[in-house]
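Going by the order they are written in, the chains are A, B, C, D, E, F, G and H; count residues from 1 in each one.
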Amino acid sequence: MKTQEILKKVKTGEISVEEAELFFRRQPFEEMGYAKLDTHRKMRSGFAEVIFCSGKADEHLLNIFGKLYDHDGEVLGTRATRHQYEMIKAAYPEAVYDEISRIIKIEKPGKQRVGKIAVCSAGTADIPVAEEAAQTAEYFGSHVERLYDVGVAGIHRILSRLEVIQSANCVIAVAGMEGALASVIGGLVDKPVIGVPTSVGYGASLGGVSALLTMINSCANGISVVNIDNGYGAGYTATQINRLAVSQ
Amino acid sequence: MKTQEILKKVKTGEISVEEAELFFRRQPFEEMGYAKLDTHRKMRSGFAEVIFCSGKADEHLLNIFGKLYDHDGEVLGTRATRHQYEMIKAAYPEAVYDEISRIIKIEKPGKQRVGKIAVCSAGTADIPVAEEAAQTAEYFGSHVERLYDVGVAGIHRILSRLEVIQSANCVIAVAGMEGALASVIGGLVDKPVIGVPTSVGYGASLGGVSALLTMINSCANGISVVNIDNGYGAGYTATQINRLAVSQ
Amino acid sequence: MKTQEILKKVKTGEISVEEAELFFRRQPFEEMGYAKLDTHRKMRSGFAEVIFCSGKADEHLLNIFGKLYDHDGEVLGTRATRHQYEMIKAAYPEAVYDEISRIIKIEKPGKQRVGKIAVCSAGTADIPVAEEAAQTAEYFGSHVERLYDVGVAGIHRILSRLEVIQSANCVIAVAGMEGALASVIGGLVDKPVIGVPTSVGYGASLGGVSALLTMINSCANGISVVNIDNGYGAGYTATQINRLAVSQ
Amino acid sequence: MKTQEILKKVKTGEISVEEAELFFRRQPFEEMGYAKLDTHRKMRSGFAEVIFCSGKADEHLLNIFGKLYDHDGEVLGTRATRHQYEMIKAAYPEAVYDEISRIIKIEKPGKQRVGKIAVCSAGTADIPVAEEAAQTAEYFGSHVERLYDVGVAGIHRILSRLEVIQSANCVIAVAGMEGALASVIGGLVDKPVIGVPTSVGYGASLGGVSALLTMINSCANGISVVNIDNGYGAGYTATQINRLAVSQ
Amino acid sequence: MKTQEILKKVKTGEISVEEAELFFRRQPFEEMGYAKLDTHRKMRSGFAEVIFCSGKADEHLLNIFGKLYDHDGEVLGTRATRHQYEMIKAAYPEAVYDEISRIIKIEKPGKQRVGKIAVCSAGTADIPVAEEAAQTAEYFGSHVERLYDVGVAGIHRILSRLEVIQSANCVIAVAGMEGALASVIGGLVDKPVIGVPTSVGYGASLGGVSALLTMINSCANGISVVNIDNGYGAGYTATQINRLAVSQ
Amino acid sequence: MKTQEILKKVKTGEISVEEAELFFRRQPFEEMGYAKLDTHRKMRSGFAEVIFCSGKADEHLLNIFGKLYDHDGEVLGTRATRHQYEMIKAAYPEAVYDEISRIIKIEKPGKQRVGKIAVCSAGTADIPVAEEAAQTAEYFGSHVERLYDVGVAGIHRILSRLEVIQSANCVIAVAGMEGALASVIGGLVDKPVIGVPTSVGYGASLGGVSALLTMINSCANGISVVNIDNGYGAGYTATQINRLAVSQ
Amino acid sequence: MKTQEILKKVKTGEISVEEAELFFRRQPFEEMGYAKLDTHRKMRSGFAEVIFCSGKADEHLLNIFGKLYDHDGEVLGTRATRHQYEMIKAAYPEAVYDEISRIIKIEKPGKQRVGKIAVCSAGTADIPVAEEAAQTAEYFGSHVERLYDVGVAGIHRILSRLEVIQSANCVIAVAGMEGALASVIGGLVDKPVIGVPTSVGYGASLGGVSALLTMINSCANGISVVNIDNGYGAGYTATQINRLAVSQ
Amino acid sequence: MKTQEILKKVKTGEISVEEAELFFRRQPFEEMGYAKLDTHRKMRSGFAEVIFCSGKADEHLLNIFGKLYDHDGEVLGTRATRHQYEMIKAAYPEAVYDEISRIIKIEKPGKQRVGKIAVCSAGTADIPVAEEAAQTAEYFGSHVERLYDVGVAGIHRILSRLEVIQSANCVIAVAGMEGALASVIGGLVDKPVIGVPTSVGYGASLGGVSALLTMINSCANGISVVNIDNGYGAGYTATQINRLAVSQ
């Protein structure tokens, strides 16, 4: 035990009172092994680092992309522009790009996907965010089922797919405008529902804040919410839940 | 019809031209010092004036109540306290009060109710606002069907009452918190839906603003919205629509 | 009526039970991969589906346009760009475009318009939204009267057109900035008034939120409100009301 | 000229360089006679100091009240409670209190009121704020005409009083909820209109913020706005304008 | 008197009861001479109509410009782009344009300017709005003094110009960001101060809303506020006040 | 298959075309077995219904409490007042109440708790919400570890409990004011973190909205958020996740 | 210095290594069940822990108060009610209470105050917050000069005290409503200015948010801002700055 | 020191009293038509004026740049575009530009930097704002240590740099999104922490308002906040504090 060692050295005069005092001023933090947290975490979590490409300078992006590829043998980048893709493609020809989700990636071949996550979108305009969620979850090894354009203004659309959402370990509900999809799904399943408000809409949609408020205020049980347009975050959390369900 | 009666009496000589002129000049607003009652209103619109009791001083309220009663033979007061009711009751023993909707009224006997308005509430806490809407519509002569506690977190509740809402000329959807009821109903009927957000809720419900935003952003067709907790306004507009449907 | 026709053909043996069953199963949503067209909708509501063109990819838009045209023999698209029009025009030369309302459509010839809806705009800058409302209502078969540039800062403008607004089954009040038009009209007519706030303005107009708040808080009776700039929604609801008035 | 004098004394050695440096550090502000501003202002402006009673401790309020009374021979206190009135009344029996405006005052007898200010209120609930404006203006020597309950949902009410508002030097428009009164009046007169939003209302009135936004966004010319419920401020500014009109 | 005439005709049978009833339904508004309001107002107010150029289509703008020029012999257009100017210039070579205020105008020669309005701006970035105010006031015949870059973070700047602001009939205070200029000026003068918040700034300036709130909450007396960036409105109201001061 | 049966009956004339048409209008919803959803759900989910006591009338509350107790043999009520507890206690002496979480319940004896959920609170003032979460999770059968007063302003407090939070299947982070606890925990664990903003605080905490925004914007992975003060919702969702982890 | 003392005693053998180890392990947080007092804090920062009394239960408060008193020989409690004071007074008769700042404390006698902090308040209503700042700073050993009621609407008030604010190491500017005081002071001094917005005001003051926005947007250099009404925070930070100035 | 020099020259007769007077009168603001440069400022505060380049017209910017360069021999410009840099470079070849912080400057050679300021950024996207802070502080003579990408979602990053932040006289914490960095640092150091929210982020980050709210609500002691993205302001205030620490 470090504390004891130092105190013993104080007693024996090996270190001065002043040196010991300095140690105890920093002690609450240094004693806790935080320096090991980082690598420990990566080993444990099974989630490799992901690149948020938006706004990154070309050189910087290429550099990070390469680093991660060298380390993990695969890379996922979100919110990438076509220009960024082409730049990376030139250096890494195996990189692929999806125009809709704006995801760029190199994925290890033969990856197996387990469990089940259902990704639902209210309208066709919400599909880019839904795809970011779906592809993130797939990249991290989850099996994904997509139910798009099942908004509550035509309730028969989601009801006709009940079996799919009820058999998933986690459901992601992606919706802009009035954002009511999460509540309706929350009432139909008994697994966690992750709401993703989108910035799709106009007027009083307030860039997604209205949909966020709708989802946060949901009267249905089992709903929690991530940031507006944060498909990546929803896919990540859903995978954490999905893994818990299959790994036990 | 009062206007016609007076004109007929002018024609027959029962009242003089001068007396009639005085009436029509005085008509639009009877001076009362603190409030100009729009007794001309009913003639134009077929809707008698209604008293918003909240915050009115006892004496003023009693005075207005009396004037309207004398004029129309019936009165409707919204947002009344029990105290206000007791004060009015002392002077007008035929006044009745409903604790839930906080409506005080004297209603002409034998009033016939026509057409159909469906009043839906998401939760039990929304019932006071729903009742204000329902009783307002009934007072103005509409037939009302109530569907309470049919929130979207249990979608079967509204679906099992489809016949009722699909047979109404107008549907009022009352909901607080996430306010998604209006959208779901909007997708199920082909008549106008009037959304009434309520201030019921806590946290990010923002006193009803969240539910208001949800309803205003509805992706369903045929939805329009009134102020937070404005059951009266919804009942009034629904009656206008209901009358159009039955009067042609 | 399509449903009836099919049923009649079943009765007469023109089509088999199996063919009919297939139709009714496929009815509610025809799978197109990216959008489930609610072709069942018109049967239920009497309103054909409409395309919200804004943000739709060319290929998708053309595809949906074609499907709806094949199904209904006419199509309405809102918020279309000139580019989108030209693309559609190339495939469907009978398509017409209106620069102001940004509506693209093919309309069946000889359509009769019934009843009356008055569409009022406060300023000239609100006309695009007003026209979206007016043309939507006309497309769905309503007779429309336009009263533009009748804002309340010059109250004589609306007063001098009293006859028009008082003879309509429903009035649409389109206004940005202070949005007071709905209140004034609400006090002048005894039919439902639908307020449409617009994003026209600058500074504290907050992209239409101020006008929305003004209209939602209206002290006049019979006013309900749709989303900022939602001319389409107003035209739709007004038509629902207008149909109720003429169909009974 | 002070600057020159000091420089001369530096030259002659009467004051040290360091003393002079200290002076010039503070010089931009000290040279401008600000110490005289206060009494100068009082003499000039003809507006005695007024007490905002709300939240003031009894002893403190009594003290200020006495000081101002001794100095000016009259006092005006706004937002006073009945308790505060009774406490002051005990010491100054000539003090009078108005329950509606919550103004307490001792006013010099025989005060003459000049010019004309019209104070309009939209509803009866806005009268307390309107009275604060009216009585403030009267206290400062303006002639005031009151037009209460003339809200725009019954436009005939304000139109029937056109002569009054058109003959005033300044019009104060007091309104809560949708706050549209200022715009309508602004279109009817050619003198400055001061809008006073009130916190009267419920739901989306947001404690007066909606009415404030309505008035700030007014499309009518000649409208400026004061804080929510700030009847005093409107009465003060209107008097400044009224004095300009009569004093030339 | 119209009412009497109609009643007489009813009595004599010249018009039917039904015709008369129709008349009295519209009577509250028709009787009040509103049809004459418009022209009456223009004659009286001495303020010609002004064009808000922003967003106007070329053809429409040119048309209005011409109409007003023909009628008044001079025109003022605000928020004009350089493109709009060049288009108008081609048709009306005497039109002049100011890049800073974005005002385009043709002004009658030899116009005399009376009274005094002081226009103050906090920073150099606020000058475009200040110039819109100043040039509007000048166009309407007011003498204007400009005090630019006198923000309160360097209080000596406004104090050194005390004479100018104290001798004006009205002061316009234009400021973005913290918007404190209006309060400081309000404490220095005894004439009305019109605050104009500007959208200048970044971060928490919220497009001018912060400055608007600062000004509306001012503790100084005699301050009223117009919309964000509304230099025109401030110049107009200031001229109304200035005219009152000089015309009596 | 129902559709086929009806079509056959149409063919045979057993039912009329009109009757069949009526059926197909309601068909999209009726065919999906929604009537069975409710009881199905209860059996399946293992979550009994819970009472939100706040604002419920005594009689109503007692009634519901009894119904649920009869049905399930245990009951959970949240947001109960002491008065409500005493009323229920009188009828059900086995009911217990916790002053801090404001939970009232009757719980079946010998309930086993499985898995692990860690409930962390930033400050002592957040404990009531944290306890609502913890006791809800325990009621639904989860094993809970509490870590209270571990806010990020003293980061050593959470770091010294690393083992506990890293061994949980789900972590609930309860925090008001700046709400940063969720982000820090999100970086320390590899399981889902549910953020619960609280309304604790003053000034710019905006009743919990600030903490909500902090959590929604978290840069850490694996965080999703429930409504302000919604300890119940967090406890419910955490239990869903915990069950997935232990049930496989 | 406590740490040093213990280490010295270890060196001299007055206390054993084990006793010392226990101390350092227990140091950062002494477990009390409901609150982990940061008694380690003073060693690190030189600032003893302070109690935020608002909302604390009597027993808890008394317990914490005692712990801190035993540890430090003095205690500071903010936002205390009179009731809380009387309860503490009963146990600790040397406790003193200040009604205005709502601070309760026991302070070591003979404490010397160094440097200079100027605390300015705009209005008399802001004094409670200003006093919380001033007394906090004094408790932590700073010399404080108070300048109250020096709001910018009477700019001479602050200018006449220039010497005081220019000689301070740090200036605290406390203001509600328009909150412009910080900007003006920021332009007058060359030391850090800490702005404290207050919730004093009404209408559009939005509970202090307006003043907060004003201060955050200040154009003056050297201004930073703390939470609304957070006098304690300002006094704390100002003392940190003041100590830096005097300790070097 | 300039003031002293002039005064000494007056004393020695090198310059006349009149010349000196002229200087002191002209001092506070040198008229340039569009901007009054506060060249008096450095004398009072020891900080030379800095140019906020954003939005300045080329000619104006060049003019101001030149004036300040002539006066101080060095210039700092913030928020400069590359175009502005190239324009200035053409006239002043010694000007240098930093793409990241967007600072343009000419700095006196051999400037010594004293004390220590730590500048921390949460993410890489916050670096531009952090660099504006760091370079501003360096320009004004502070020694700066940079700790970038140390956000709280990976708490070990900041903990591993404890020595650096604990040895600084002032810490600047730059963070967007959830903005929790300031709180964590505030708990780790005993010197003032200046929070700089950034507009980095998307969705509910609301352009930096969320991060601003997080920082303003911080529970840690010693934190004060500047405007969103205001790196300059933070660098300025931190230098004021740093100077106090080293100058005594």
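We take it that a residue touches a chain if its C-beta (ideal position, glycine included) is under 8 Å from a C-beta of that chain, and two chains touch if they have at least 3 such contacts.
Chain-to-protein mapping (UniProt): A, B, C, D, E, F, G, H = Nickel pincer cofactor biosynthesis protein LarB.
Everything numeric in this text was worked out from a predicted model, so none of it was measured.
Novice: Starting at chain D, find the fewest moves between touching chains needed to arrive at chain H.
Specialist: Minimal hop count between chain D and chain H: 1.
Novice: How many steps does it take, at the fewest, to get from chain B to chain G if each step moves to a chain that touches the one before?
Specialist: Contact-graph shortest path, chain B to chain G, evaluates to 2.
Novice: Roughly how far is chain A from chain F, going centre to centre by Cα mean, in whole Å?
Specialist: Computed from C-alpha means, the inter-chain centre distance equals 23 Å.
Novice: Please tell me the distance, in whole Å, between the geometric centres of chain A and chain D computed from their C-alpha atoms.
Specialist: Each chain reduced to its C-alpha mean, chain A and chain D end up 56 Å apart.
Novice: Could you grab the centroid distance between chain A and chain C? Build each centroid from C-alpha atoms only and quote it in angstrom.
Specialist: 39
Novice: What whole-number Å value describes the gap between the mean CA coordinates of chain C and chain D?
Specialist: From the centre of chain C to the centre of chain D is 48 Å.
Novice: Residues of chain D that contact two or more other chains, please.
Specialist: Answer for chain D, listing residues that touch two or more other chains: 25, 28-29, 34, 37, 154-156, 159-160, 188, 203-206, 209, 212, 216-218, 221, 227.
Novice: Check the chains against each other and report every pair that touches.
Specialist: Listed in label order, the chain pairs in contact are A-B, A-C, A-F, A-G, A-H, B-C, B-D, B-E, B-F, C-D, C-E, C-F, D-E, D-G, D-H, E-G, E-H, F-G, F-H, G-H.
Novice: So in the complex, the part of chain H that touches chain F is made up of which residues?
Specialist: 122-123, 151-155, 159, 177-180, 183-184, 186-188, 201, 203-206, 209-211, 213-221
Novice: Help me check something: in the complex, which residues belonging to chain A touch chain F?
Specialist: The touching residues are 28-29, 32, 34, 37, 41, 44-47, 155-156, 159-160, 162, 169, 188, 190-192, 194, 212, 216-218, 221-227, 233-234, 236-237, 240-241, 244-248.
Novice: Please output the residues of chain C touching chain A within their complex, sorted ascending.
Specialist: 28-29, 34-36, 38, 41, 54-56, 60, 197, 199, 207-209, 212, 227-230
Novice: Report the residues of chain G in contact with chain A in the complex, numbered from low to high.
Specialist: These residues of chain G touch chain A: 1, 3-4, 7-8, 10-11, 13, 17-18, 20-21, 24-25, 27-28, 40, 43-44.
Novice: Taking the complex as given, what residues does chain H use to touch chain A?
Specialist: 124-125, 154-156, 159-160, 162-163, 166, 188, 202-206
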